[in-house]
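One chain, chain A, appears in both complexes that follow, with chain B as partner in the first and chain C in the second.
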Partner chain A sequence: MEPSRLGKHVLLRASKKLRFKIGLVIVVVMVAMAILAPYIAPYPDEGLGRVPLDGEGRRLLPPSPQHLLGTDTLGRDLLSRIMFAARAALMQSTIVIALSLVIGLVVGSFAAYFKGFVESVLTYLTELFMAVPSLVIALFIRLATNTPGYHVVIVSLTLTWWAWYARISYVYAKGIVELDYVVLAKLAGLHPLKIVGRHILRVIFQPMAVQAISDLGSALLEASAINFMGLGLPRDYPDWGVILFEGLRELSVIAFIRAPWLVVFPGLFILITTLGFALLADPLREELDPRLSRRWRLWF
Partner chain B sequence: MVLAVKAEGVKIGYIDEEDRVQWAVRGVDLEIGSGDSFCIVGESGSGKTTLANAIAGILPPHAIIQGRLIIDGKLVLDNGRLDFNGVRGRIVSYIPQNPGTSLNPFMTVEEHFYYILRDTKSLSRREARRIALESLMKVGLDQSVLEMYPHELSGGMQQRVTIAIAIASRPKIIIADEPTSSVDANLRAGILKLLNRLNRELGLTLIMVTHDIYSAAAVCNKVAVMLVGKIVEMGEVKALLYDPRHPYTRILLNCVPVLGVKKPLKPLVGEPPRLYSDIKHCPFLDRCPFAVETCKVEPLLEPVDEKRDHVVRCWRFKELKSVEL
Partner chain C sequence: MPISLNYLLKRILLSFLVVLGVIVFSYTLLILTPGDPAVKWAGNPRGPGAVLAIELARRELGLDQPLHVQIAKFIYNVFTGNIGLSIAYKVPVTQVVASAFTSTLELLIVTYLFGVPVGVVLGTYSALRRGGRADSIIQTLAVVLASTPTFWLALIIMIILQAVFGVVPYGRIDGRLAIATNFKPITGFYLLDSLVQGNYAVFMDVFVRVIPPALAISVYPIGVLTRVTRTLVAEALLEDNVRAAVAWGVKRSTILRRYVLRSIIPPIVQISGLSFTYSLVDAMVVESMVFGREGLGSVLLDSLHKADFRVSLALIIYLTIFYIVVNTLVDILQATIDPRVRL
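So, the complex of A and B:
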């Protein structure tokens, strides 16, 4: 499919906004950090988890020119750890959102197009999955498989996340299925799959994609929460949630007094990345649906 | 002459939520010759759109259909059995009422052509583009429209695009369902002229549905007036306009404002009857100023004179000819 000019237009208009630029810079920096971590990290080995030989003497050093963000409980450079952790963070949230988007789009548009039995089954299913908290599912998966790893985070988050996309795309699609071009295509005997693909999915994809971009941050938050609880990635894995958790586990609440950098910096990175995705997606959404941005101008 | 459309006792009803059948078309017989431009005129709820949709083959699945319908020599409707394969989109094509909502907002005009031509004639993208350009030229648009999205076009251009799409698959019959209802008076004249031209130049059979009897007169050479699911008067456009016989047609013509002529516009009081039960009386009984006892029985379509092509469904059309409304 050739790039739609509507999409380009939206991108162009949004890119003029300061928020979009800030968001873009944050996201680009994070992605670059994740990709280039082995080359730009000051102590790449330590970033991957190797404890330095003189680790004993370097435990919990405060930020200094040698260790810009200080060292952790095993004496490793925190900045290197955080740089490598960006990989895990971006990977988890991207995979979760992409899977959820695909499932949600398909379920939502099918529910809206095939009315009656299919619609009620799919909407009930959607509501069922919306009701389950991802942390509980993560706990179950962790206990059932008994191995920590990416699968716990991705499966548990996708299972709960797709339902939101299914709900939103269902609502979007519901407004489209009654339009003339869908009804006429249906009456003319076009294959239902073709109608859904050509006339429904295609139309709802753009707003859904923007929604997905802004949700990348929220998915990162949730993934970090699961990792923080120790349910997802294994101990010592470079991930912001895991690093945060380890800081707190070793030192409990005293961490905030004895080594605040250990909990503050990973948390800060989670926060900034989430913010970056939100800043990036918000102007896009406004441009895609101009009523959102123009409404307040009418009011004042 | 080959008949483009031949309908024999076509009845179409819709099932509503309470499983009752609401008959929209209650027995229509008509013959439309190939190359004719035929107009179906009537008020809202008279079944004119349903009849046109039946000919176009786009009735919803909950419609109940009886009677026989032959399109271009092919029996497409035989007492409830539908077989529009090879007819719909290839022989009969349809111009929708609202071009704005009938075009996919996320597809360029060129893609609209491509998908339709691929599905009906399995053409490649390049061939489809060539035919799209040809069709657009015929409706007075140029190449730049091909790459545009529907929202970048004006209402009149959108309507022209839908007409171009309708003629792209080289159909023999075109159904236009109130093609001028969503454009202003100036564009209306343009669209009507365009339809007229297509009818003459491409030899298309044009079936137009409208509630505006004068725009019907501008395009068509035959007019059928529908009322409560039945044809009440049908004939050559001149005969019908200058010598209307059915009281409904006369009232319809009488209530059109004429530029420069001051006349009181009489409204037609009352409502069309509900269509749940089978109506045995004349469909115009409740509202007709000339209703008498005989009108309790439904009249038949009778020829007005010996030429037999102007027919009217009224018991009193002969005696009423001289009576003022």
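So, the complex of A and C:
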């Protein structure tokens, strides 16, 4: 089947599954929250990090009708901060995954198509970046630039992530370059760039895209971990990981866990969002790879 | 063993090149960024000794020489195990990283000794009950577990411990108990050390303290292995040898043990190895931020806050070596247990 028609077919079949629907609802709600945060957050200023004037008396209030999820260590409304933080969450994960996907696809398919020296060098680079933990790269980006911010999270995660995509697309592409139609295209004198783009990239793009959707969640988990360590986004920035980091820094662990709402809610949003991406991607993967959804008869 | 010398040599050469690449990459990143590298290397010193410290650092790095000479010198120092003294701790950098490493590794090993069997058992059960209620519950659980931020779960575990027992574990070992019972670290793996010395009080203390972080970190391997095992077992049940065995009337439990579970060991080893290196980051975050344990995580944070560049460099280099060693061991292990794999 042609890739684009296959794509529609897969999407149509997957969209009938309950998991896909739940995942879609979660993702849509998160995106809506990110876009509409200034309008729906009860205290938009505090959501962006401003400490209220009467903050002193509002510190660490448990959930109440005025503050549905309670307040943080500086008296800011937790719900507002969490709503604004959806922006950072979606931004970090989509940028990291999109960049990694593009780099990985190009490197992987070129390595598979151009054998010899190019293949060796690209494989070496892939090995190199797969061997370094993202957290330590984050430390280096932070040390080198000496400022907190998005760049720490995005650069460090992209540097480690693209290599995985490069390896997976390399394996996929390796299986394709030996196929007759690619060999024929080569014999017909088609430009290598066209062969890679038209006959390799287009074919491997779909399984890679499905992988990328489910990885949006994993990227969010890793980004949150970097922010939770205090390596990434600056303090006061609305981000779920940063909110937890701040609570831990302002209070000690012992005092922090005595304010359970401050611990539970930000992490719950990370969990739900990650789950949303996983639920969305799973049925797609099953439809794309029929082996996964095969109905096993219960004979054993 | 089905491993050729040729393969081993190639592997070692590639690993060596990767480590070199990481050294060049990280060193250049630090040197080429704004600020005097000698000042950075000396740890941004202030006060009367500053001039001398910076001058020493300049000589140590050979900063008057071109970049490639500096890097060559630094690489020589790395492979002779001499990166210098840590600025924050005043002891050799290798020693700082090594002692932190054993702590984190101990935590990871406990995590995997617990997580891998749980994941495999859940996955197998799920595959045997595929399509049923138990299967869908376990599958849902696996997805949720793999989506849980481990550092957050660690905090939740702390809340629960506080509510139930009124105390929470903080740190890796009770220092007073260790002194009172005359506990001496030998290998740095406290569980092992205390057992060897017959010091059961310390063993129990260390063991109780390692359980909560291990539980938090284990959700990732459990989630991943449950799903992978289910697919593997379900596929293995379709193999001809299993069908034949069933037709011959071999006992089901024997088939499961001998034909199904044995055949899935190699891929399980591979997946466990992959997620082991992934869990390293989880362990670093959880141990340092939530449980106040000394380990790679706390060393990383210290090196940032005290501008201890030597420790940062040592961290990136030795962790890279660790990744490579684990991956190589996994491949070799796979070739040893799976006769189909030839390296």
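One rule holds in what follows: the second predicted complex is superposed on the first by the 288 of 300 C-alpha atoms of A that agree within 3 Å, B and C clash if a C-alpha of one lies under 4 Å from a C-alpha of the other, contacts with A are read in each partner's own complex, and residues count from 1 in each chain.
By our rule, a residue touches a chain if its C-beta (ideal position, glycine included) is under 8 Å from a C-beta of that chain, and two chains touch if they have at least 3 such contacts.
Here the structure is a predicted model, which means the values were calculated and not measured.
Superposition of the two complexes onto chain A shows chain B and chain C fitting side by side, with no clash.
Touch criterion not met for A:61: it reaches neither chain B nor chain C. When the two structures are aligned on the shared chain, A:124 is found in touch with chain C, with no touch to chain B.
A simple residue count on chain A separates chain B from chain C, and the partner touching more is C. In the overlay built on the shared chain, the residue A:278 is in contact with chain C alone; chain B does not reach it.
Touch criterion met: A:267 reaches chain C, while chain B stays clear of it. In the superposed pair of complexes, A:48 makes contact with neither chain B nor chain C.
Shared-chain residue A:217: touches chain C; no touch with chain B.
In the superposition on chain A, contact is made by A:140 with chain C only, not with chain B.
With chain A fitted onto itself, chain B and chain C come no nearer than 18 Å, counting C-alpha atoms only. Shared interface residues of chain A (contacting chain B in one complex, chain C in the other): none.
Contact residues of chain C toward chain A in the complex are 14, 17-18, 21-22, 25-26, 29-30, 33-35, 128, 130-131, 143-144, 146-153, 155-156, 158-159, 162, 168, 170, 231, 234-235, 237-238, 242, 246, 252, 255, 277, 280-282, 284-285, 288-292, 297, 300-301, 303-304, 307, 309, 312, 315-316, 319-320, 323-324, 327.
The residues of chain A lying in touch with chain C in their complex are 124, 127-128, 130-137, 139-140, 142-146, 217, 221-222, 224-225, 228-231, 244-245, 248, 253-254, 256-258, 260, 263-264, 266-267, 270-271, 274-275, 278-279, 282, 291-292, 295-296, 298-300. Interface residues of chain B facing chain A in the complex, by the touch rule stated above, are 53, 57-60, 84, 88-89, 94, 96-98, 101-107, 115, 119, 147, 149. Taken together, the chain A residues at the contact with chain B in this complex read 4-6, 179-181, 184, 187-190, 198-199, 202-203, 206.
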